[in-house]
Amino acid sequence: MSDSSTGATPALETRGLMKSFGAVTAAHDITVSVPEKAVWSLIGTNGAGKTTFVNMVTGYLHPDEGTILFQGRDITRLGPREVTRAGICRSFQIPQLCSELTVLENMLVSLAIADPKPPSFFRKARESAAEDRAMQILKRFRIEEYRGRLMSELPAGVRKLLDIAMSMSGHPKVMLLDEPTSGVAAEEKFPIMDLVMEALAAENVTTLFVEHDMEIVTRYSDRVLAFYDGRIIADDAPGDVLNDPQVQRYVTGTLAPEATS
Amino acid sequence: MDLLLVILVDGLIYGAWLFIISVGLTLVFGVLGILNLAHGSLYAIGAYATATAVGIYFAYGGDAFPLGSYIVMAFSALLVAVVIAPILERGLLRHFYHRDEVIGVLVTYGVFLILEDAIKLIWGVDPLFVYEPYDLLGMVEAGPLFYVAYDFLVIAVSAVTGFAVWYFLNRTRRGKVMLAVIHDREMSQTMGVNVDKVFLLAFGTGVFLAAFGGALTAPMISVSPGIGVNVIIVAFAVIIIGGLGSIEGAALGAVMVGISRAASVHLMPELELFIIYFVMAVVLFFRPEGIFVRTQTRKI
Amino acid sequence: MKLSVKRLMGATAAAALSLGIGAGAQAASHSDTFKIGLVTFLSGGAAESFGVPALNGGKLLIDMLNKGELPAPYDQKGFGGMTIEAVEIDEAGGATKQVQEFRNLVQREKVDAVLGYVSSGDCLAVPPVAEELKAFLVLYDCGTPRVFEEGSYNYVFRTAAHATMDNVSLAKYMTSRGIKVDSYAGVNQDYAWGQDSWADSVASMGVLMPDAKASTALFPKIFAGQYGTEISAVMREKPDLLHSSLWGGDLQAFMLQASARGIHKRMRIALAAGDHVIPQLGKKMPDGIILGARGMNGLAARAKGGELVDLLWDRYKAAYGVFPVQAPFRMWQGLLGVKSAVEKAMKANGGMKPTAEQMAAAMKGLSWEAPSGTITMALGNGHQAIQPNAIGTTKWDEAAGEMTLVDVEYYDAECVNPPDGVKAVEWIKAGFPGAKCD
Amino acid sequence: MKALSDIRITTALALVVLVGGGQLLPDWALFLMTIALAKGLVSLGIVMQMRAGLVSFGQGLFFCIGAYVSGLMANFTGVTDIFLLTALAVLACLAVGGAFGPLLANYRGIFFAMLSLSLSMILYGVLSKMNSLGGTDGLNVAAPTFAGYAPEGRDLSMTLYLYTVVIVVFIGAMLRTGFDSQHGLVSLAIRSNELRVEYLGASVRRTNAINYVISAVLGGIGGVITGLAIGHVDPEYAYWTTSGEFVFVAILAGYLSIPAVFVASIILELVRSFSNLYFPNTWQMVLGVFLLVIILALPNGLGSLFQRRREGGS
């Protein structure tokens, strides 16, 4: 398993992750193995343990027990910064942006940090090469018209896209998207997902996304993990998972098969 | 053995006094998010008001019932709170709740500068004395030494004050609302708590406690300009050690500082000047946010 | 950035302009007035006990001088006929600020002399600047001997004796009154004044009472206000004598807390500079406290009497409702010293307003009469005063309802001050060589 | 390139204005300007940290170290050369800042403020105890020499002023570059959202520690100049109220503009100096009212009058 030269090494693997907050179990024996270039989705009601999973993988929380491997390397005890540097990035349910900076500056920050060298005291942040690159990325996500705006002036969808665009500037191998379409108007959901998935696919990024909208789950993921009470109760192709009675009872909240259409 | 006892008693007396002067500060920070640098001036105003009121009390026949002066003391502190708290909170502080904590420090520093001179304008520079309440209860023998019974009264009052604040926060409806605001201001606001009212009540309580500290201290000192300056920095250290916003923390911090200082005076007097900063630095080194504050994980 | 350049220029120009106007508005003072800067504490902990009484005394005396109400040799109006105009500055804020304020007084306000400084830190910091600016500076209150032991100045004088004599006199008092001292403890504030005072006291006792043992030495923080722990520590030690150089609110609080616990019944208490709290403490100051006033000031001066003392005592009491303690006495001796120097210089230069050089030359080695006795600029090459001292014991006069000083011992200036050129600490340790005592 | 030449123009202009303006100033104002500029350097260090969301209430620590370097060298070794003293102060502050920076970089908000304050107060306590270093009364500092040139009177004031101006303008230009650099932008990002910055892969601790060390050096330079200009150093340099004044100037200036820091510092010195003269009994009150008015009227500081933040938008 530790031989990373073979294609068999999963991009991301977790073994027996356990996490509890007092009496609440947020993760119980979470064991998954995500192959390279896979696109998986994570579903479950609020408090089912999806975000805890994302937080543990990206180093914000550490599991009480268990191991997390990235390309065969143990990253269980690393913090967010080291995990990011290793090649796992994430986006946030509530976009984490720098509210006092403009869109362009947010992008410039992420590019400056993505540089392997630490941010320089002498290199101008706004030199034209960096600005060009930042604008390219903004254009790719179709948010370049907002470049001079502050965060408080942005529509929800733009915030989501900027959040993801910033996460991608480090060229991650694995990306975890925490509810990429929550809070976004219904008609914007698919365009946003199209943009994001296209960008991720172009760089062959292994992707896991947390999502409540089952249409999006079926359309964009090739496998679904259903969480309930800190456990994975189903793990299969979208169609199968959504027809699972347990999933219908505990996750989608309905036993009627037509609800998933 | 005697030495230990003396250190303990001295430490407790000083700690009790520290608790009274710092509990209001920590309460105000917990609820309003403002570290009130003018706390020391409010303490001084409490002391001046008490000195004036008790002086009048004895000048107009208080000798017939000297214990009444204790009531006058508490009443003076209350008067200070009722007069000053609304002016400061409504008129000034409310503009800064959404700003940085450090701005709050600077604003109250400005208030401190103003009040220091205001005190001088109102009461002049001549000291006031109200030693009657201090002598009233006589002396107490504790171990090898004599103490003034008033010192033990301060311990008792301090304990009662601590209990009262605790009871108010944990056992009364208004208190619980205040506690909810301490824990999560935004959440309480969305739950329909009238935060404005809570803030005024909390600040008023804070001013009262500061003034009450001054009232209790007035009989044992000479009430003169500059008495508030020293108080503020000591009180800060205490509540930082305990954890900002924590009532239990203020109590523990006060006792820790009190006993450390007493031990240093008796055993290594040359360290007294910076023992308090030393305790603070050591505590912060191991508990970066003080003893009673748990570092909260931000929800993301 | 473009914007900021313009703004910077604008702001700097505006600042420069306002500075220029400030400077222009202050015309040089006329030759019929003498402008004197008075610097003392008007706020903070030292205002009540030192600053404000001194300033009050100073304003009173200046007013009397301007009206010509003093007896000879001070009967000439003002300073040599010139009206005295005072500029008051608050000494609070630290030595850095005082250096700036001093420059402002001299360069912007164009004062002819500065009389001031209670804090010894200020007294060390300001003289080099006076020297640089060639400005006439008279230190009137501060106690540290370091000023003229470590430095030598042409334009700087101190019209009050330094603090050495306070503790030398106290030790002499113990021996001459036959007070038995096997051990003694100290409670002094933790800054230069308190530390020096304790060191002088230990050294003097070492010479005069070599068998007495120094036990615990406590140094509470200045303006601490709470002394319960210190009092416990001292009571546990049971010394025969407690030495303290506390002053102001600290001393008042200490005496309230200590006397409530009966400390004065268990040991003698000697207060090196304690006279100034008597008007406030009144009866709360127990009997039998050994009291110094940093000179023959306050009650001790009153006990000795004299035309000048009685006049100023009565006028001060009438004006402010309390009797004058040490602070106004030191202000008076400073002002009268400046007056003497100015008038001596005018005699020499034919009645012109004297320059700083002329005043300095006149003041060097000068001797004059003050309410606190004869002041002589004997040390520091004629720049540092010595003055007589007095120590007494408190006794409440029930009939008169006022505190009196009994068993007062007077010490000649040359008995309790070192001769010129000898450092105070070394003089004490060597056993007071050259002291002239009656 | 355009931006670069902008900085050069600003620098040259600032130099011309300050040097030229200095010639016109009366003696007392020249001194006031020297002190204000030197103290402004210390506040600039706080502004540097403010850009990453931290406010140090203990810059007096480095101000005091710098000042004592000048005092101790003058008293114990006879060294009065200002270049050497400045270099030594920088080294001392680098060492102390380098030791505490990584530790303090773990703290935020009020805890950072209070811990830095307590470090400064410990130095205050230690110096107050050291009678060999003058205790609370402090030490006098001999007038500085400038590579063998030993001026007196107005020449001394003028030379010291010019030395200060050159240092201030040079450091101001350096920091402008630093503020506009990648490091500077990341600092601003930390101020807004440090979690994000960590999740982008940058070390918030490292950035904070660098800012702390730089501000330590600025504090030291400010201290050495102030010590030499005043001619006296005492533990008060490390007292919390001294640090509080630096914070006041930093807040008054805001974190947008560098010239604003120095203007704020000059304004404070002027207000204090004149209020002390005209209101000897209520100057603290005047200062307090001034402070409140400024904070209420200019929430982003004077700098918001000087320079607008949103240059990126246009």
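Per-chain numbering from 1; labels A, B, C and D assigned in written order.
The criterion applied here is as follows: a contact is a pair of C-beta atoms (placed from the backbone, for glycine too) under 8 Å apart; a residue touches a chain by one contact, two chains touch by 3 or more.
Since we're looking at a predicted model, the values are computed, not measured.
Engineer: Among the remaining chains, which ones contact both chain B and chain C?
Structural biologist: Intersection of chain B and chain C contact lists gives D.
Engineer: What are the two chains with the most C-beta pairs touching?
Structural biologist: Going pair by pair, the biggest contact count turns up for C-D.
Engineer: Find the most central chain, measuring centrality by the gap between its CA centroid and the centroid of all protein CA atoms shown.
Structural biologist: Answer for the innermost chain: D.
Engineer: Return the chain whose centre of C-alpha atoms lies at maximal distance from the corresponding centre of chain B.
Structural biologist: Relative to chain B, the chain with the farthest C-alpha centre is A.
Engineer: For chain B and chain D, what's the span in angstrom between their mean Cα positions?
Structural biologist: 33
Engineer: Counting only Cα atoms for the centres, state how far chain A is from chain D in Å.
Structural biologist: 44
Engineer: How many Å are there between the centre of chain C and the centre of chain D, using C-alpha atoms for each centre?
Structural biologist: That gives a centre separation of 35 Å.
Engineer: Please work out the Cα centroid separation of chain A and chain C, and write it as a whole number of Å.
Structural biologist: Computed value for the inter-centroid distance: 74 Å.
Engineer: Using the touch rule from the top of the page, what residues of chain B touch 2 or more other chains?
Structural biologist: In chain B, residues 116-117, 120, 270, 273, 300 touch at least two other chains, as defined above.
Engineer: Where in chain D do residues touch at least two different other chains?
Structural biologist: Within chain D, residues 3, 128-129, 195, 281, 283-284 contact more than one other chain.
Engineer: Going by the contact rule already set, what residues in chain C reach two or more other chains?
Structural biologist: 43, 190
Engineer: Under the touch definition given earlier, write down the residues of chain C that touch chain B in their complex.
Structural biologist: 43-45, 47-48, 52, 190, 216-221, 223-226, 228-230, 232-233, 235-236, 248-249, 252-253, 256-257, 260-262, 277, 280-281, 284
Engineer: Which of the residues in chain C end up touching chain D in this complex?
Structural biologist: Those in contact with chain D are residues 1-5, 7-9, 11-13, 15-16, 18-20, 22-23, 42-43, 87-90, 93-97, 99-101, 103-104, 106-109, 120-121, 124-125, 128-129, 132, 144, 146, 150-151, 190-192, 195.
Engineer: Quick check: in the complex, which residue numbers of chain B touch chain C?
Structural biologist: For chain B paired with chain C, touching residues are 2-3, 6, 9-11, 13-14, 17, 116-117, 120, 125-127, 129, 131, 134-135, 139, 144-148, 150-151, 217, 220-222, 224-227, 229-231, 261-262, 265-266, 269-270, 272-273.
Engineer: How about chain D: which of its residues touch chain B in the complex?
Structural biologist: 55, 57, 106-107, 109-111, 113-115, 118-119, 121-122, 125-126, 128-129, 195, 240, 244, 247-248, 251, 281-285, 287-289, 291-292, 295-296, 299
Engineer: Under the touch definition given earlier, write down the residues of chain D that touch chain C in their complex.
Structural biologist: So the residues of chain D touching chain C come out as 3, 6-7, 9-10, 13-14, 17-18, 21, 24-29, 31-32, 35, 128-129, 131, 134-138, 140, 143, 152-153, 156, 176, 226, 230-232, 234, 236-237, 239, 242, 257, 259, 263, 266-267, 269-270, 272-274, 276-277, 280-281, 283-284, 305-308.
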